[in-house]
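Below, subunit A partners subunit B and then partners subunit C, in two separate complexes.
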Partner chain A sequence: MIELYLFLIFMLIAAIIAIEIQDLLAAIISLGAVGFSVAIMFIFVHAPDLAIVQIVVEVLTVVIFVAVVLRTTHVDETIGKKLSGTQILSIVFYAFFVILFLTVMIRSLQELPAFGNATMKVAKEYIKLGLPQTGGANIVADVILDFRALDTLGEATVLFTSVIGVAALMRKVGRK
Partner chain B sequence: MRGMSLIVKTITNSIIGFIFIYGLYIILHGHLTPGGGFAGGVIIAGAFVLKILAFGSGASAEKRSTTVASIFESVGALLFIGVAMSGLLLAGTFFLNFLPKGVPLHLLSAGIIPLCNIAISIKVGAGLFSIFLALAAMKYIVED
Partner chain C sequence: MIVFVSCIILFLIGLYAIVTKRNLIKIAIGFAFIEYAVNLLFALIGFKRGALAPIITQIDKPHNFVDPIPQALVLTAIVIALGTTALMLTVILRIYNRYKTFDIAEIRKLKG
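Now for the complex of A and B:
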């Protein structure tokens, strides 16, 4: 349990560095540190499926970010400048909503069961019926591709939409 | 995009096959061991990205690869929906596991789950690779 808190603190520091540093390459490396910490935390809580996905996606996103930054600019010029009036206003609004959200979240988190003692009403059925009903030995594959396949279809749609968005933003034909 | 040095090219040549095989293993054993279509697809996309980064490619090759990758992504999405729709047509329920379940812990088991894994891997791999190509080929668009 203590190692999870250590990784959380490390992730917070890395995320703040990623936002505040002026060199974009260093910011990407800090972002990668956050992602790999998430992967290590998944291993600590015995979730190898998620750890594998997190590691490979993190590697690919860091490589894509580095490839993009190497051919554009290295320096984030928005850091260190004086804030304009609208920016200060948006920061005030942002802080207000963060405080509102945190108070609601803390009150609702107190209602949850303790860490490691989930209620597992639906999950118990999945674990019991996973192998006999689908024949798949990996319970995660059983859930995401059989019991909850519609969720996976939605996730695939999200990825499809993001690819279409990137292709539309980066297109050559029809661009002014 | 320019290529890298001879050392990088040689090492890429020797390990890219292993990356492909590992990705295929993760995909095909998705219903038995941790991993699955998403992780395996990203690994295979990573192998393509490694090849492009190490050997470089011209603007025309990147444009052609983008077309092929988007075709593959659509094929993956259609395969996934096709598996779901065949459950609807053959047995009456969307995403029904209509194939025989087989012996647990064998490669040919779990009905439609391996097919879904393969479809998702094609879709995810081609999608992420086309995102990489669109972002990496951006320089040619800006300079034109």
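Now for the complex of A and C:
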């Protein structure tokens, strides 16, 4: 699993570059690097459906970001300025939160099964009943389209709502 | 354990961008990082060594699959993340057209 660790390191470096670089277009390219390395890691953990969806969504995300930046400005003027009082206060609060979060998180990570040993208590039933009850060979598709179809309906509703929001905000007619 | 911790580090990098950055595009990038971190953590928890992707190819043999439940949950979350990102960027574009800046401190100063 050495390639998984290499991609995790690459992902973290690209994330730090995306946060700290001055050129916003370069930051968006680094965001794309993080998203595509996440997609490749989905393939390493045997999740082909997730990898396909992540690649499509990542392409769309980068295109939307680039469209916004090309219509506005691609220089981040706030980098290199002196830190304001509010910013120093928020960094202090962030440091407090990180300490609190890590103390809670380390405990809950110890409760989790170790990497590579999933317990699969619930999944056993879905794997056993997936093919006979729904007739689909792909268990993930069985779960999202048959056993949990109402969740997928909710997802479609959220997507539709956000499309309505984008259309309402971008409209030209009726705007003064 | 190390793979889970690096997901949490990505989450904290995204949170750092949201809390301390003053540029709106950087804040949107921070939200995207948090979404990736949570999705990747779920997929990594469901991984099983020596198992196959959860697609049935042979009926008579016993199945040895990775956990399909986190994958089904994350599949929904990825698509919803796209919707929220698109809506957030549209609002950011509207803010820029009105105030001609991405700096949230400047936007706070300009009234009306």
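As a working rule, the second predicted complex is superposed on the first by the 163 of 176 C-alpha atoms of A that agree within 3 Å, B and C clash if a C-alpha of one lies under 4 Å from a C-alpha of the other, contacts with A are read in each partner's own complex, and residues count from 1 in each chain.
Operating definition for what follows: a contact is a pair of C-beta atoms (placed from the backbone, for glycine too) under 8 Å apart; a residue touches a chain by one contact, two chains touch by 3 or more.
Just so it is clear, the structure is predicted and the values come from calculations on it, not from any experiment.
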Query = In the superposed model on subunit A, is it clash or fit for subunit B and subunit C?
reply = fit
Ask   = Of the two partner chains, subunit B (first) and subunit C (second), which one does A:Leu12 touch, if any: first, second, both, or neither?
value = second
Winner by number of subunit A residues touched, once subunit B and subunit C are compared = C
Ask   = A:Phe42 contacts which: subunit B (first), subunit C (second), both, neither?
value = second
Task = Considering only touches as defined above, state whether A:Val63 meets subunit B (first), subunit C (second), both or neither.
result = first
Inquiry  = Tell me the contact category for A:Gly135 with respect to subunit B and subunit C: first, second, both or neither.
reply    = first
Task = Figure out whether A:Leu153 sits in contact with subunit B (first) or subunit C (second), or with both, or with neither.
result = first
Key: Overlay on shared chain A, then closest C-alpha pair between subunit B and subunit C (Å)   = 5
Note = Overlap of the subunit B and subunit C interfaces on subunit A comprises residues 48-49, 53, 57, 60, 64, 68, 71-72, 131, 137-138, 140, 144, 152, 159, 162-163, 166, 169-170
Request  = Spell out the residues on subunit A that touch subunit C in their complex, using ranges where they run on.
outcome  = 4-5, 8-9, 11-12, 15-16, 18-19, 24, 27-28, 31, 34-35, 38, 41-42, 45-50, 53-54, 57, 60-61, 64-65, 68-69, 71-73, 76-79, 84, 86-87, 90-91, 93-94, 97-98, 101-102, 105, 109, 112-118, 120, 122-123, 126-127, 130-131, 137-140, 143-144, 148, 151-152, 155, 158-159, 161-163, 165-166, 169-170
Key: Parts of subunit A lying in touch with subunit B, wherever the complex brings them together   = 48-49, 51-53, 56-57, 59-60, 63-64, 67-68, 71-72, 131, 133-138, 140-142, 144-146, 149-150, 152-153, 156, 159-160, 162-163, 166-167, 169-172, 175
Request  = Flag every residue of subunit B that touches subunit A in the complex, lowest number first.
outcome  = 26, 30-36, 38-39, 42-43, 45-46, 49, 53, 66, 70, 73, 77, 80-81, 84, 94-95, 97, 101-105, 109-113, 116-117, 120, 123-124, 127-128, 130-132, 134-141, 144
Note = As the complex stands, subunit C meets subunit A at residues 1-6, 8-10, 12-17, 19-23, 25-26, 28-30, 32-33, 36, 39-40, 43-49, 51-57, 59, 63, 65-69, 71-72, 74-76, 78-87, 89-94, 96, 101-103, 105
